[in-house]
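Residue numbering begins at 1 within each chain, and the chains themselves are lettered A, B, C and D in the order written.
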Amino acid sequence: MFFASDNAGPAHPQVMAALNDVNAGFAMPYGVDPLMDEVRAQIRDLFEAPQAAVYLVATGTAANSLALATLTPPWKTIFCSPVAHIHEDECNAPEFFTGGAKLTLVPGPDKMTAAALAATIAKEETRGVHGPQRGAVSITQVTERGSVYSLAELRAVSDVAKAHGLPVHLDGARFANALVQLGCTPAEMTWKSGVEAVSLGGTKNGCMGVEAVVFFDPEKAWEFELRRKRGAHLFSKHRYLSAQMAAYLRDDLWLTLARTANAACARLSTGLQAAGAEFLHQPDANMIFAAFPRAAHQRLHDGGAVYYIWEGELKGDDPDEMLAARLVCDWSITDQQIDRFLALLAG
Amino acid sequence: MFFASDNAGPAHPQVMAALNDVNAGFAMPYGVDPLMDEVRAQIRDLFEAPQAAVYLVATGTAANSLALATLTPPWKTIFCSPVAHIHEDECNAPEFFTGGAKLTLVPGPDKMTAAALAATIAKEETRGVHGPQRGAVSITQVTERGSVYSLAELRAVSDVAKAHGLPVHLDGARFANALVQLGCTPAEMTWKSGVEAVSLGGTKNGCMGVEAVVFFDPEKAWEFELRRKRGAHLFSKHRYLSAQMAAYLRDDLWLTLARTANAACARLSTGLQAAGAEFLHQPDANMIFAAFPRAAHQRLHDGGAVYYIWEGELKGDDPDEMLAARLVCDWSITDQQIDRFLALLAG
Amino acid sequence: MFFASDNAGPAHPQVMAALNDVNAGFAMPYGVDPLMDEVRAQIRDLFEAPQAAVYLVATGTAANSLALATLTPPWKTIFCSPVAHIHEDECNAPEFFTGGAKLTLVPGPDKMTAAALAATIAKEETRGVHGPQRGAVSITQVTERGSVYSLAELRAVSDVAKAHGLPVHLDGARFANALVQLGCTPAEMTWKSGVEAVSLGGTKNGCMGVEAVVFFDPEKAWEFELRRKRGAHLFSKHRYLSAQMAAYLRDDLWLTLARTANAACARLSTGLQAAGAEFLHQPDANMIFAAFPRAAHQRLHDGGAVYYIWEGELKGDDPDEMLAARLVCDWSITDQQIDRFLALLAG
Amino acid sequence: MFFASDNAGPAHPQVMAALNDVNAGFAMPYGVDPLMDEVRAQIRDLFEAPQAAVYLVATGTAANSLALATLTPPWKTIFCSPVAHIHEDECNAPEFFTGGAKLTLVPGPDKMTAAALAATIAKEETRGVHGPQRGAVSITQVTERGSVYSLAELRAVSDVAKAHGLPVHLDGARFANALVQLGCTPAEMTWKSGVEAVSLGGTKNGCMGVEAVVFFDPEKAWEFELRRKRGAHLFSKHRYLSAQMAAYLRDDLWLTLARTANAACARLSTGLQAAGAEFLHQPDANMIFAAFPRAAHQRLHDGGAVYYIWEGELKGDDPDEMLAARLVCDWSITDQQIDRFLALLAG
């Protein structure tokens, strides 16, 4: 019963099998291994983007920071949600990789709205050389609160960016979870919605540690390669990144795993709702933020469930006080685990 | 017959087995997985350094850059060999991670001598706030030319550093290859020789992609952790780094593999010598720089041998012109491959 | 009738005289000119801080950025007001000089309150290595909206910082204007209120271009000197900075000029109030934010008054629409200019 | 008898007069003062470059670092002499402003030769993403050893740069001293010789503290403005920089002062030669590196001459030991001072 994060689960057997398969003989290092050609072709095909520049790194923070640094010179500011991973959870990595760009927070509890973005951009408009210059807009899809932007919402946000000539970055650490929820194509969720660069996550959805960075316009490809190298994110034995990503994308494994995780989340969500839990956010994908009484938390805790208390503290006198939990389902959660969780919740 | 680099070989089966073993269920992310406790204990034990701070990253450039940045504020200069990997092959990663420190090259064709270091440090001595301040001394062991510092040489260099209060960093991408060559202990080759921080390589010697950074004085441990995180080098699914390193160090696998690689190199070296090749550097570990006639290179090339021409060009009219090759043996090179190489060389 | 900024007025004749006086013969460069000894003694004496480290630079942005970088490693975040100069008007200079630290905005329209600071700091508390670490608190006195923190307010804010072990920086670009308004000593407004480092402005109050940076604890003095040099802010002909600051502080000139500016502002403010203007902020020092009808703005504009329209646009149809002006008085504004402004305002 | 540096002399009376003249009333801040228009026109006219982008900063390090950062992304390396000011005397400012670019030293005792540059560039040629990429070539004219590149030498160096597509920067802290020595036009010594950007010094030749940065291709003008601002080098009361530069360039004052300094140097040089001093470098402009016996140094020292001992130490037993001096003449050195120096030298 591990609901603490989707970055703590195992790699899928097919991913491990691919790693075992590729582990024979020599392969040219630093990203020119033959499997990388396959990955590049897969992603270009999946995204209907035959010119796209495609790269692999091992962490989501690297994918985001390197993509944003390529899009944003240090005198600009990146627009993002106050709860964006790049703002809250990367120890200033975007500021480091950009060389000191700023992050401007677009007010709101979760998803960035077009209206809020427009208002925020407008405020940065008239300071000449004094204020930070307006830079990239970074959208997190799935958000850190478990919400999924609809295509219309994505388009509305990117339209605001486009109106100001700003590039759009998509932090897709949970890209697949959003994609299967929307039932759209990767192209529709990215460049057809105005996205220039995407961090395409694998780690949280069945891989060991691999993320792709895709630029639909290859103009900045070489700059990205240099940034990746000097950021120490170019793997010598790159085939092990390629193998993960190739297996992940092959035969729709990535979509299957995301559907599994989202279905687990839906099952859990239905059970929580039935038990009277209060939802802080609509659980669109594989994350739930929901409040239920301390007594239930204590039963779960005693029963071995692992997750973060999001608001409040487990210790306390009042058994009826509502405490919020963050519950994340990865592809490997089983129905049995969920049902056991719900049984403990029910008491 | 792949002698291009030791970063292009496969992971050892025991390393792969460890990855498969650890791939079950959930594990706490970001370096607090139980296997990391084992790795920490292994390294502290091997290095006879019970207080050492131990961290894992996935690339050698990350290990070096993060270690050097922790030791060197941006107004200082790092002393290294003109052929150091940190200078020649990391696309300014040390400059990036330190925030703009300088690298001062200690003249010499390969190993840094104590005398050259002393003379170089002396030149930086008297410029007050104007010149760069003197910072860490970085030694590469095995060097990029395949040489191994003796313990006396290491000590002589670090004594110069100590006389000026400068910390010593050891780039040990091929640490094991040097260690088995010297037949000394890890402690002797590091802190007993005046080394404060070491990058302990795994990738080039049988792992997929893992390097340890060890600080013998844990004072800067927290700073390193923050630098690793903001450098995007903290793995969420960290257990896969831990598993590699644990397997690598278990039952002396790392030493066995290094001995195998060095022995292969010795066999190749003996054959080259017998064939009249001229050595540019003494091959102390698993790398050879040797010159032999173009005609031999062409036979090798046609026969499928893969390696870098270090000096000269394969194309050319004179079959007797001496061209230098860089030949690197990793643990997986077989005697058959070497003998076939030597047969082609002989013609 | 120039009310656009206090950085556009002339230097005071005594400052110019000091520059002329010092312009003879040779003087040791880079801050070891004899006049700098006088400046150091003046500031230590004025601030009752015999150990203070004292430095001069030529711009306020340099003073702030260098001081903050000395206090804040790049993995931390600086707490400041959303309207702080360091956030809005320095084109990411603090991010640049710190090497990528973040600025966290403490919500509020102007002055940072202790309660808002405490709440903001609390939010950054529990993310381990993931979030930015909590760094310096930067207070602007006089604020960018013309408000002055009382000593009690300063103390309340710095008490919150101290409770979390965070250093406090004071951006005193208009230090003198606040000081004469409070009627306290420099020590009371700084270290006795918990301030570790202060940017002491001269440029906006009668100098050509000079700001002092004062660290009450000299521990970081050498680091500051190195940062100043590599930031290209160490003047070779430093005596011209020293001369300005020495003249500025001699015989209370700085206080006299600030009193003059504040008095001009009070006169203007009284007139505005009498004319029915609406104040956006209480004008505590030498800046006014006040709204009055478009028709009045147009009369002022036609009459040659220079100032920024803060809210709204001069062009428009409705003569009665209220537009806000930012009006800044420097030491050289005359009563005649103010009265002429008020006459035009009255129509 | 001050020969320690040309950055320790006074400002010329005409420069001071210009500062006094401009010190009246209000002037728009941040570089849009009317005098800046005059400066821009003067420089465009002098350099026969009607499109040139022209900016002022207060220190030579700022001029160099900002110009180089505008020309050089952080993954490149700047080619310069081992004795270049940007390498030896700026505490890593170029590394800081570029965000971590490297400086590659072109071997040689003083002036960079085309052959040495070509050989050095060639070495950086073939490492793909691994090595630093080749960036700007920075030439110091007058060199730090007092030599002046001929136009043919400049052209030869820049031809090498051009052959590799690299931009050329000229550190002209002593631009005027070189110009009058060569007797050529500013255009000939810059863009007609292949220079893209020049730091045009004023501080060492009669100003208080002002340097111009000139880009002959204005394409990067806006980027430079942003870099200047975030580097904290944009003066609010910019008119005081404009006034200095305007006076400096007006009526050929800059050339007159440089001729005066060079003539003083020639007089001193002739006297030294007559006294048997040994010259380490040919004194082409206003700096001399010459060796003479310790006894003479001691007489000079006792007589109040101020200069740096370049090689050796004043203290010592052997009165005949040759110690090298660095002797710099600024515009304000008088014949009497030189003659007194020579008299002491003669004993």
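Quick note on the criterion: a contact is a pair of C-beta atoms (placed from the backbone, for glycine too) under 8 Å apart; a residue touches a chain by one contact, two chains touch by 3 or more.
Values in this document were obtained by computation on a predicted structure and should not be read as measured data.
**Student:** Looking only at C-beta pairs that count as contacts, which pair of chains has more of them, A-B or B-D?
**Tutor:** Counting C-beta pairs in contact, A-B comes out ahead.
**Student:** What is the chain whose Cα centroid lies farthest from the Cα centroid of chain B?
**Tutor:** C
**Student:** Could you give the separation in Å between the centres of chain B and chain C, each centre being the mean of its C-alpha atoms?
**Tutor:** Once rounded, the distance between the two centres reads 51 Å.
**Student:** Report the inter-chain centroid distance for chain B and chain D in whole angstrom, where each centroid is the mean of the CA atoms.
**Tutor:** One centre to the other, that is 41 Å.
**Student:** So how far apart, in whole Å, are chain A and chain B when each is placed at the average of its C-alpha atoms?
**Tutor:** The computed centroid separation for chain A versus chain B comes out at 34 Å.
**Student:** Touching at least two other chains at once: which residues of chain B meet that condition?
**Tutor:** Residue numbers touching two or more other chains: 74-75, 90-92, 96, 99-100, 129-130, 133, 226, 229-230, 234.
**Student:** Quick one: which bits of chain D touch chain B in the complex? Just the residue numbers, please.
**Tutor:** Going by the criterion above, the answer is residues 74-77, 88-92, 95-96, 98-103, 105, 127, 129-133.
**Student:** Within the complex, which stretch of chain A touches chain B?
**Tutor:** Going through chain A, the ones touching chain B are 2, 4-5, 7-11, 16, 19-20, 23-29, 57-62, 65-66, 90-93, 96-97, 203-204, 208-209, 226, 229-237, 240, 306, 332.
**Student:** Quick check on the complex: what are the chain B residues that touch chain C?
**Tutor:** Interface residues on the chain B side: 30, 73-75, 99-100, 129-130, 133, 223, 225-230, 234.
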